[in-house]
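Paired with subunit B in one complex and with subunit C in the other, subunit A is shared by the two complexes that follow.
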Partner chain A sequence: MNNPAFDLLMWARGPAFDIALIVFIGGIVLRVVEIIILGRKKDMAPPKGNPVAQGIRTIFSRSAPREGLVKFAPITYVGGYIFHLGFFIAFFFFAPHIALFTDAFGVSWPAAGRVIIESATALAVLALIALTYSRFTDPVRKALTTFDDYVVLLLSALPLITGYVAVNKLFGDPTMMMAIHILSVNALLIAFPFTKLMHAVTFVMARYYNGTIQGRKGAES
Partner chain B sequence: MSATLERGLNALREQIDAPVASFFSSCVSCGLCAEACIFYRSTEDPKYTPIRKLDLMRRIWSREFTLLGRIAGMFGLVKPVTDDDLKEWETLVYDSCTMCGRCSLVCPVGNDITMMIRKMREGMSASGHAPVELIGAAERHTDKGSPMGELQPALHAQVKHAIAETGIEIEFDKPGVDYMVILSAQEIAEFPDVLAAMSRIFKKAELTWTISNEAFEATNVGIQLGNRDVARMLVQRVVDAAEKLGVKGVISPECGHAYQALRWEGPNLIGRPYKFEVIHIIELLDKLRGEGKLKTKGKNSQKLTFHDPCQINRRGGINQEPRRLMNMIAENFVETDDAGTMNWCCGGGGGVGANERAEPLRHQAFKLKKTQLDKVEPEAIVTMCAYCHHTLDNVLEEFNMEQEVLGLTELVAEYLDDDLNDKNAAGADA
Partner chain C sequence: MANKPMLSELMKTHGISRRAFIKYCTSLASVMALSPAMVPRIAEALENAPRPSVIWLSFQECTGCTEAITRSHAPTIEDLIFNAISLDYHHTLQAASGHAAEAAREHAMKEHYGKYVVVVDGSIPIKDPGYSCIAGISNLDMLKETAAGAAAIVSVGTCAAYGGVGHADPNPTGAVAVSEIIKDKPIINVPGCPPIPVVMTGVLAHFLTFGIPELDELGRPKAFFGESIHDRCYRRPFYDKGMFAESFDDEGARGGWCLYKLGCKGPTTKSACATVKWNNGVSFPIEAGHPCLGCTEPDFWDNGGFYKPLSVPAGDYRKLGLAAVAGGAAAGVAGALLAKAGKAKAAKAHETVDAHDLEKSS
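Showing the complex of A and B:
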């Protein structure tokens, strides 16, 4: 029983994953509390619209682009949609992933077929490559990009790539590849609260606030 | 660290609240705000990317309001904001942003970037890095009653003129009337016809109104400069006068930031709701139209288009009201691309129009609006903000464009179904 790959896999999905999950959840709570404790003054202007309703609506409606803007930043828009959708499908609809949720919470939902999962994964990776490319070449993106952005791109790509390699046994020892896949997920979880990955949580607050500010005025958001 | 720098940084710290922290936490530097920005789109210079204009505020938030940022700050990984930084950012925050609000509507994570620019200007002005024109206007406004200096004699002359033209009395400081009318300095100085227009419309609608000698100026340079104390004082003047007269409401005139200042920021600046309502003149006209108290006769046959003032539509929520009025009096009303909520700014808002060094950039920015106007080829452009009116007049001349700019209130009054119009019509026939 001397299999380092197996030991690594057990460690990655055992204690390492637990630690990553604690950092992930604890970090998110810390970051959200850091935001909420700053508070917000009560707005005393009599509302014209319904701020709360529009705030909630904006959380969803802002997922669609403003008309006519896609053509000005096609890589960012199209790449952004493909990556987010692809990542979401690969993460939530791959049967072994659903099994993890079933083990942990007793819930389950229908899995997507292999073709869908693999296409989603491949497209998400391609989208990340395109988004990275635009950060190198597009003047606006280039001027805004910081080290954090590249870390986030890399951390988002690794679970997709390693997962694809491990499942399809493309190269290397499958056990080792699975261990690496889970380690990459752990890295993503640990980095999440402390990098721009955090937007995946705080966007709900930002969109809500934007919607309430505009909604109070009866203006669009 | 100098005292002014410390004061500026403190002012910035005070502005950081939960929405600001959620916005900075959510930004993924996608750069889509640039595509919405009039200054980026007209120059394609990435330094005009809206979120980048907030970088100093973001740094303060990161260094002082996040645990990780504080640790990073200790290791020198996040640089403190210096006086040189603020100096460099002055033109970005004041010259290349009209606070038009387009970026806030396209940001995929929902950041209200415009609101943060408004906040950032508080720190800029407190640290002594604001355009001299805005500082001068604020001084004139607080000391002499208007950003253009002493305007009371001009106002009295214009009121006299309006009375002579319409035969309708306008009384100053009359308590207990329905509305107190306030005007933008631009209207008093450049577009005084609005007085006669309102006078006739209100007479026909049987509304009573007055003008206060103590507070007739609607503009609020404190909002543009980013100085809450100035902004509060100017709002307080209007509130005191209106509550003293016991009016039902104050009519916010055709002026973008005046509406923003009095209607939306004002109660928060003075720390309480008003004892009267604030209604924008176009909101009121549309309300009167709906109640059947505003009737018009005939229609304008010119090809007309409408320019939406950012602070009244996109940031103010008045979108359909002017369109219903336009349809009532215009035979040939055509909209430009992006009309309504996503309309391009005239380029002069947010204090940019008063800022001399920003003029070349402002003219460059107008090219977006020009392209849209060239496509529609209107004979005249109607708007509901005296400052947009003023800015458009100037840029149209600069670009040798023939169009006339019209104020919506005056235009509506021109077609008002009242005795004066009957007399005019009779006179024309004779």
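Showing the complex of A and C:
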């Protein structure tokens, strides 16, 4: 006699995870290597300012909103911050997730308590809902949104929702929900290199590049 | 059956007071999640229940289940409940052996055909019946033959319930659970490696008093296997606070913190261990400082490693990750070079066109 939920969990954290990991890592490396090798045409003109310093500065400075923009697009900014922070807290400070890093890299750090993790998760999901809502209601944003964007929103929300349900045993068999949670993460890993999720890696390169353009012109980025 | 003493008489001979008996019935009602109003009914049923004939079949097993049920300090009332049934065949416990023992089994089957209870511990090898025989009879044949006249079957231990260690990958003997072979009889699974003694006796008591208990989708009585160990664990507050033992001898381990990171399978394991506990309620594995192995669940031997947390990948993913880095880099270089070659080709094929050429062509 088998327990289908347990078998699915073993598949999710076994072969399915292995496949997802290969696609995730292989895909990221592929894209980064390709971007670097393709490169940009060398600018032969002597720079007026300091492109490297401005490039590095921009990597960090663009994490803060520009003046006036929060008022201009409050849902995008506030929702964006809440989602990213919530996702990071839930991902990096929940003990079972830390166990994964400990197993893979031998590093460990203190875990956050249930209240913090669950609040962060709930806020991140609410932020995602608000962000999706604004994509539907704002005509400009709606026109800019592609099918991929909705897929990415869904793929980002599923691990948060299924993880919350599995830990709190809201509905369904907890083992099955844990299996679904890991499968949803596997789906996110597989989609990552080939969708806009890749921004989590390429933002460094993009911001640096933008910063150097300004720096080269002698402007502050 | 009539010449066999009823439980009340047995109690008298063993010097067990009525009060102790009612106390036992109350705790049984409690562990079986029954209303306190049921206590008199349990007592009455146990006292007046005809002692059903029980045939205990031991197949591919380690005798741990029998050890567990007999090692409760005699004479406990649990022990007596066991005496209250008529254990007509149990080749580890009975004095007779060989043909005499088999004769006892055949006699019990003949006399109580259709009414006896079969308790099975151990898995059944079906790859080659010769892997496990008793008195020259293969386990498969003995189970089929004995189950034919049974009122119900109780699969005691994870081996009988789900295949257990014999069924573990690569399963050299083709070991299967009782439920894989017998399809036409009610089967109660009492998994565990071994099961908690009071759970075994509790299930038998329930069978005597109220018949087959309510079972979950894995054939386990819901009263004992309805909740996960994690939900009833006294270390759960540490899990909620994010306090975990990182090794078996660190501050967390000494302080009794959560054992999740040491591989505890409590969250996916349903059993009464954390509430009923072992050795007359003294302790249970997690209380003794060891993570739960998940022994009441099917295929728990193949759950990716006893000391691997549930959230950690079960396979050898590190090598795959390194291979993915190499593969991704190679594919990236190839892709970029291909794009560059395409660019160079396009540049080479580029023809300069000026306004005069355009005018000519139009």
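The working rule: the second predicted complex is superposed on the first by the 220 of 221 C-alpha atoms of A that agree within 3 Å, B and C clash if a C-alpha of one lies under 4 Å from a C-alpha of the other, contacts with A are read in each partner's own complex, and residues count from 1 in each chain.
Here, a contact is a pair of C-beta atoms (placed from the backbone, for glycine too) under 8 Å apart; a residue touches a chain by one contact, two chains touch by 3 or more.
Quick caveat: nothing in here was measured; it's all calculated off a predicted structure.
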item	value
Side-by-side fit of subunit B and subunit C on subunit A, or clash	fit
Partner chain in contact with A:V165 - subunit B first, subunit C second, else both or neither	neither
First, second, both or neither for A:I213, with subunit B first and subunit C second	first
Partner chain in contact with A:L154 - subunit B first, subunit C second, else both or neither	neither
Subunit B versus subunit C as contact partner of A:M198, first or second or both or neither	first
Which of subunit B and subunit C A:I75 touches, first, second, both or neither	neither
Which superposed partner A:L100 touches (first subunit B, second subunit C, both, neither)	second
First (subunit B), second (subunit C), both or neither touched by A:K48	first
Which of subunit B and subunit C A:A111 touches, first, second, both or neither	second
First, second, both or neither for A:R13, with subunit B first and subunit C second	second
Per-pair minimum CA distance [subunit C against subunit B, superposed on A] in Å	7
Touching both subunit C and subunit B, counted on subunit A across the two superposed complexes	30-31, 34, 37-38
Footprint of subunit A on subunit B - complex, ascending	16-23, 25-32, 34-36, 40-41, 44, 46-47, 49, 51-52, 65-68, 104-112, 115, 263-268, 271-273, 277, 313-319, 337-338, 341-342
Subunit C-touching residues of subunit A, taken from the complex the two chains share	1-3, 6-7, 9-10, 13-15, 17-18, 21-34, 37-38, 93, 95-100, 102-104, 108, 110-114, 117, 169, 174-175, 178, 182
Sites on subunit C touched by subunit A in the complex	161-163, 177, 179-180, 189, 218-219, 228, 231, 239-244, 246, 258, 260-261, 267-268, 297-299, 302-304, 308-315, 317-318, 320-321, 323-325, 327-329, 331-333, 335-337, 339-340
Subunit A residues touching subunit B - in the complex, by the definition given at the top	30-31, 34-41, 43-46, 48-49, 58-59, 62-63, 65-69, 72-73, 76-77, 80, 138-146, 149, 152, 194, 196, 198-199, 202-203, 205-211, 213-214, 216-221
